[in-house]
Structure formats: C-alpha cells, structure tokens
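Heads up, there are several structures right after this.
Look for chain A in each of the two complexes below; its partner is chain B in the first and chain C in the second.
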Partner chain A sequence: MDLNMNVDAPHSMGTTIIGVTYDGGVVLGADSRTSTGMYVANRASDKITQLTDNVYVCRSGSAADSQIVSDYVRYFLHQHTIQLGQPATVKVAANLIRLLSYNNKNMLQTGLIVGGWDKYEGGKIYGVPLGGTLVEQPFTIGGSGSSYLYGFFDQAWKEGMTKDEAEQLVVKAVSLAIARDGASGGVVRTVIINSEGVTRNFYPGDKLPLWHEELEPQNSLLDILNAPSPEPMNI
Partner chain B sequence: MSKAVVELPPKGGFNFDLCRRNEMLLKKGASPPSFRKTGTTIVGLIYQEGVILGADTRATAGSIVCDKNCEKIHYMAPNIYCCGAGTAADTEAVTDMVSSQLQLHRYHTSRESRVATALTLLKSHLFNYQGYVQAALVLGGVDVTGPHLHMIYPHGSTDALPFATMGSGSLAAMAVFESKYCEGLNKEEGINLVCEAICAGIFNDLGSGSNVDICVITKGHKEYLRNYRVPNTRAHFSSKEFTFPKKTEVLLTKIVPLREKIEVTEDGDAMEE
Partner chain C sequence: MSSIGTGYDLSVTTFSPDGRVFQIEYAAKAVDNSGTVIGIKCKDGIVMGVEKLIASKMMLPGSNRRIHSVHRHSGMAVAGLAADGRQIVARAKSEATNYQSVYGEPIPVKELADRVASYVHLCTLYWWLRPFGCGIILGGYDRDGPQLYMVEPSGISYKYFGAAIGKGKQAAKTEIEKLKLSEMTCREGVIEVAKIIYKVHDEAKDKAFELEMSWVCEESKQQHQKVPDDLLEEAKAAARTALEEMDAD
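== the complex of A and B ==
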C-alpha cells in the first residue's frame, strides 16, 4: 500500500456519470467520490450541477476544470435566457459546453454529460467527452467507472422506458460501477428532469444492492471484530 | 524623430526569464533555497450557531521548523475567516488580496460580505494560475444566507461540506471528525472536537505542531482564540545566561531601546478639509 498519499495532487473526480432518456424526460445519475491522488477528498460531492431550471450537467475529470466550465456556461445561459425571453433549450446548453471544451481542448481535462427537458425536443441527452465532441445520444456514460458499464448498457438499455424503470437502471448501473471502480464510490445521486420539473434523489451506500463478496453495511468495523468467531471447520 | 520602442507595462502572471539560469545552477550543484511551507493541519466545522475554524501553528522550511507559533487563520471580513495550508507566501498573499477586494466590495455595496463572494474570488484567482499558487484553503463564515464552510484546492476546485480538513495532517484530523462529528453540536462540543482534530494532526503529522488556534464565527459575532491550547510547552530552559568567551574584555555597555515612547498630545488643530 502506498503510504505516501499525495494530498497535493490535483483534485479529480474518478467518477461514474450516466445520462439516460426515457419516455417523457431524462434521468441523470452520478456517484459522489472526489479524489486527490489516493485520498478521498470528498466522499459526498454533488457532481450533477444545475445550469438552468431545466438543464443539468454531470461533471467528470478535473474538478477545477469542470466547475469553471459549468460556472461559465451557467452565466452565458442566464444571459441567453434574458435575451431570448424564454427558457434555453438543452441543445443551446450543450453547444455552449462544447464550444468551451473544444476551443480550450489543450488546457481542459473534463468530460461532461448535458441533460434536460425543453418544450421543443422533449428530454435530450448530449455527451461532451474530452476533446470537445458533441454527440446527441439516447443514453450515454462517462468517467472512469463507465468502462465497466458498456456491456451492461448494451444488454439492459431499451427504448421507451418509464421514469421509474429508467431511474432504477441508472441506480443499478452506478452501483455496479462503484463495486468495480476504485475511483468511484460514496452515494448515488440522481436527477430526473421532465415537463413537470426536476426531482433530486439520493441513495446512500446502505440502500444500494451488493454484487459480489462485498461487506454488508455496518455502523462500525468494531462490530466485525467483536462478532463471535465462526465455528471451526469439520474435516 | 526617435525610434524608441514604447515601454509597455509588464503584463500580469509569472515571469519565466530566470528558469534557464536556475537549471544551469542546479546542474552545477547549487540547490535552490527551500521556501517556507505550512505543513499544517487546518480544519473547519459547522455547528449549531455557526462555524468553527481550527489550525496548528507550525511553519516549516524544508525539514526545519522556521516559525513555532505562526498564524494560519487569516482575516477575510468581519464575518469570514480563512485557514491556509501550502506555501505560506501564497496563502498570505491570496487571502490578503481577496480580503482587500472584499473590503472594496463592501464599500461599493454597503452590505456585509458573503462567503460565496470570497469563494468565487479565491477560486477564480487560483484557477487562473493553474495550481502554481499553492494555497489550499478552508474558508468559513456566517452571512445573511447562513453559515458556510468551503474547501478550496490549489487548482481552483471547491467543495462544500459540514466538516472539512486540509493540509498534510488532514488525514489524522479527518479520522477524528469522521468518528465523532454529528450535526447540531453546541459551542463547547464543537470547540473540543476541533481541538481534538488539530491535536491529532499535531501529534501524528511531522509537518504540523506546536499550538492550536481556534476561531468561532456566529451571526454578528466572532471569537478569535489565539493559542487556545498549548500542548507543547518548552520543558527545558538553560539556567545560565549568555556569556561571552572568557578571554573577551568588555569595553563599553550601551543599551538603545528600539522604540521610543512618544507622547501624543490631544490639543492642536483638528484636520481641515
């Protein structure tokens, strides 16, 4: 184990982020771990940031870069909303994110998923990975934990899910990624955006399903130490 | 008709002209002077009535303790204080600069400063310097919107949490907070917990040491408890005074006070416009 934990390493979000469309809106999901090197700097961070009333963005990669980009885009969208006289569309938000990411591609290291609902197009998800591509997709995954989810989504994703099915899918996917990716962990946060508005949900660690040889949630590890020792095996 | 080039004022940012010279010196074996860092344990927590900030008081230059009792809790505004870890010069400069900007903003708006303002000023400055200004800060205060506690990292990212630790001793202090923190602590419990966390850093981290400073901020009131706990008093004092070597002959002894007492008279003309 490396005891030289470098607490001066840049603050990065290992992360698992997911955006999924369903019949009538979108569901955004993320874990909550922010790491500096091997130390978890924040075990309950909120990676799903609001840009406008109806558009949210999931952030991954360098914490500083993604926070600054989302702050700039929130400011631009606010001005745009005032000038336009009506709520901004998800496409405009995604394009603003993409312009900042592409034009500063040498200096930024952040992958973002923009999701929201507007009255023209309904629920839409746009992926803006490293480099500044803009891709509109029915669902998209990002962050270091996403590597473990490509196969899962290929099998589990289907068109026209209901809101609850979509949210359950997202929570299951994030918890699978948390089980396998060291840089993802903590709690699962979801944001559901549809014509009625925005709902934020929070799933603490003990509410998530366990997958394989993980410990049951405990209040303290001292309970394990004080537990009675198992019966000796009989040959 | 002069062909003189117009002297442009120097642009902001860093000047890298001496880098080549430094590289050459390194090759020749001359090591650069180590700069003063505050190894540090700094913590903050939100309690029932507001925010409590804590810090140790050791400043190191390389492996030598250069200041046994430095102040790491910096004033930002009457209702906002900021603990700083990392390079001492950077934390001092950045907190002084933002403190002045906040003062000007207060004059401009005639309102009490908000923690979010200080946060945005600090994070945009640190982001612009891409992490080269090595200041890791714990910013805490109480304003009209309530108590706030933020962690600011050298690259410009921020986190908002009910309890926070930064610096080389942050792991030891976080261990104390994770096991003993709960919401709604009262003032005494909060101060004790902060003290315990800093002491964990002082005794278990080589970069932190000496005493504990505490700052309690509530709505409309703040208490800066300098050296709240002094767990490392010096145990051994030499009983002998300083003496010159035996063969020295004292010719003349003259004591000059560095500061003379000046009498301030209250009469005299008042300042005129």
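== the complex of A and C ==
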C-alpha cells in the first residue's frame, strides 16, 4: 500500500457513464466512484445531475470541472426557460454544454452525456466528449470504464427497446465496466426520462450480478471474522 | 382624435397631463403616412404584401425592397421611415444569428418578436434617442407552426392572424376580416393579399405603386422567400380583374 498517497490530489471521477434512447424516452446510467489517485474519495457519488425538469447530464473526468460546467448551464437554462415560457429542449441544453466545453477546452477536462425528453423531438441523447464536439447519438458511453463496453454495445444495442429493456441493458453494462475498471465502482444509478417525468433508480453493489472470477462482496469485517472458517481474501 | 400636445410633446421622456407620450404618437403618424403593408396567417403559412409607392418613374422595379428575410424561417415587412426600418431589420438579423449560435436552434418567432419589440421600446426611453418611425409586420414558421406578429413604434407587439399598417390600414383590415383564413392555403392567400392591396390603393392621391409580396409556408419548405414570379403575376392579374369588376358595377 502506498503510504505516501496524496489525499489532496484533485478528485477525478474514473467513471462509467452511459446514455441510451428507447421508444419513448431516455435512460441515463452511471457508477458512483470518485477517486483521488488510489483513494476512493466518495464511493456513493451521484454523477447524474439535473439541468432542468426534463434534461439531465452524466458527468465524467474532473469532478470540479464537470460540476462547474453543469452549474453554469443550469443557470443559463433557467433564464432561458423563463424567457421562452416553456421547458428548454434537450438540444439547447446540449449546445450550451458544448459551447462551454469547446471554448474552455484548454482548462477543462470533462466528458459529458446530455440526455432528456422534450415535446418536439422526444427522447434524445447528446455526447459532449473532451474537446467539445457535439454529437447526437441513439446511445453513447463515456468515462474510463467505457473502454470495456464498446464491443458489448455493438452486440447488445438495438433500436426501439422498451423502457425496461433499456434500463436492464444500462445496469448490466455499468456492472460489467465496474468489474473490469478499477476507477469505476460502488453502486449503479439510473435516471429514466420520458413524457411522464423522471424516475431515479438505485442498484446497490450487492444486488448486481457477479461476472467472471468476481468474488462475493463482503459488507462487514465482522461477518468475515464470525464466519465458521474465517478466510478473508489472501493476497 | 389626437390633439396637439403643445408643451408636452418636445421630448419622448415627457408625459402629458392626460398620460400620453406625444412623441410616440407622432412616430405612429409617420407609419400611417406610408404605403399599406399587410400580413395574413393562412392554414399552412404566412403571406405578407407591401404597396410600394413609387417616388420616381426612373426607379428600377425591384429596388428599394420593403420586405426582408431575418432568418431562414422568418421575414419582416416594414412601413414608415425606410432608413429606420433598415436599422430594425439589421438588429433582428443580429438577434436571430446570435440566438442560433448560443442555443443551437433557429430563434422561435415569439422570441424574435419580443426582442424586436424590446429594441423598438428601448428607443422610447431616453431623451437623446428618437422613437423609430416604423411599424413592422413579422411573419415566421417555427416548430410551433406559422406565426404573425406586429410591432408598433411604441414597442408593443401582438400576435395576429391578420394585420395591416399604413395608409389603407382601415380598409385593408375590413377586407381581411372578410376572409376565411383558417381554410385558406398560402397559394390562395397570395391572390387575396394582392386583391386587397390593389383595392385600398388610392389612385387619386398616390401615383403608381409596385406590389411586393413574400411568403413562408409548406410550399416554400418553411423558408421565407419572395413569392415566385409566376404566382405573383397571376395574383396581380386577378387583382386587376377584381378591380375592373368592381368599377363596372
């Protein structure tokens, strides 16, 4: 173990984030690990942030940078909604995110996924990766854990899924990434947005399926010590 | 009937004892003295027409445009002082492109109308500025369908399904009210607008005039453009025939 670990290093969200459209809306998903180097600063963080009633954003990369960008866009969207007299569209939210990301690309290090529902276009997902491009996609993945999911989505994604199919796909994908990516972990959070509103779901680590060679999670040391033959994980 | 506001009409920042701002009312008079401008909202779009009074026989037809495109999806017809109108059109174009840059989508017509109205109103608030001497009819087609707005020199703006400003506005409004706009397509609307403008044109007082028309509708793929030449000629012919029939009675 590295005793010279710097706990004051900038917080980064290793992260796995996902945004998927389905027939009638979108599903956003994320893990919950915020790391400071090797130390997990927050094991239950919420990386899916609200911008308006109908638009949310998944944050990855620098925690500070992604929070500031979200805060600014929330502020602008609020004013825009008042001026327009109706909810902002997902496209407008994504464009504002993009303008901040692109114009400050030298100083920011954050990849964002904007997802939501509006009455003109329905459910939409926009990816705004590191340089500040804006791409509208039927689904998109981001964060360090996403490297392990490209092949999975190529095979598992299909057009016109139902809400439950889409959410199951997202939960499965995040849990696969958590299994392989050291910088992703904790719980899986999902946000479903459609014409009826917004639903938040929470899948704790011990409810997720175990993948190849993963061990059962141990929630408490006491359980291990009081077990018939205490054999905690050996290195 | 307006009265002379002696003493209270020298500055746009002075109210009269009966609560009027005379400078704004005088600005409206500049609009009333200009050629008639009409806008109507048909079921599939907007049609706008201008009675362009020709000052000199030596002017080339098609010059001195009174209808301007503000953005791909919207246009403005101006009545009153032409130079003032140019300024407002420039501002509207700038607002539209700025909105597109910041928000990533074409400016909603309602928002454009609000911004133009705010700008016109702005110039009624300071003593070192004079009010704009023009009325604007703004027509556009956005994701909420076709919309028609009118902005007056005072800065107020309302949404209409039929609007007229200028010399023949009273007569024009009467004619527009007779039309069944919700059942009319823009193609038919173009003919009707031409007929109305020819009808309200006062042969005795004014000399020749040129008819300028534009539309934004399904047929124009929701783009604001001049009415195609063949349809314009058809409209003019129909208007002249209608006039002759009326005179023959």
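Please note the rule applied: the second predicted complex is superposed on the first by the 218 of 235 C-alpha atoms of A that agree within 3 Å, B and C clash if a C-alpha of one lies under 4 Å from a C-alpha of the other, contacts with A are read in each partner's own complex, and residues count from 1 in each chain.
Just so we're on the same page, a residue touches a chain if its C-beta (ideal position, glycine included) is under 8 Å from a C-beta of that chain, and two chains touch if they have at least 3 such contacts.
In this text, all values refer to a predicted model and were calculated from it rather than measured experimentally.
In this superposed model built on chain A, chain B and chain C occupy separate space and fit side by side.
Residue contacts after overlaying the shared chain place A:80 against chain C, while chain B stays out of touching range.
In the superposed pair of complexes, A:120 makes contact with chain C only, with no contact to chain B. Contacts of A:183 after superposition: neither chain B nor chain C is touched. Of the two partner chains placed by the overlay, neither chain B nor chain C lies in contact with A:149. When the two complexes are laid over each other on chain A, the CA centres of chain B and chain C sit 100 degrees apart as seen from the CA centre of chain A, to the nearest 10.
Looking at the shared chain after the overlay, A:166 reaches neither chain B nor chain C. In the superposition on chain A, A:91 makes contact with chain C only, not with chain B.
In the superposed pair of complexes, A:99 makes contact with chain C only, with no contact to chain B.
No C-alpha atom of chain B lies closer than 24 Å to any C-alpha atom of chain C in the overlay. The touching residues of chain B, counted against chain A in their complex, run 86, 123-124, 126-127, 131, 134, 136, 151, 153-159, 161, 166-168, 170-171. On the side of chain A, the complex with chain B involves touching residues 5, 7-8, 10-11, 34, 36, 39, 41-42, 44-45, 62-64, 67-68. Here chain C touches chain A in the complex through residues 102-105, 108, 110-111, 114, 143, going by the rule given at the top.
Against chain C, the residues of chain A that register as touching in their complex are 80, 83-85, 89, 91-92, 94-96, 98-99, 120, 134.
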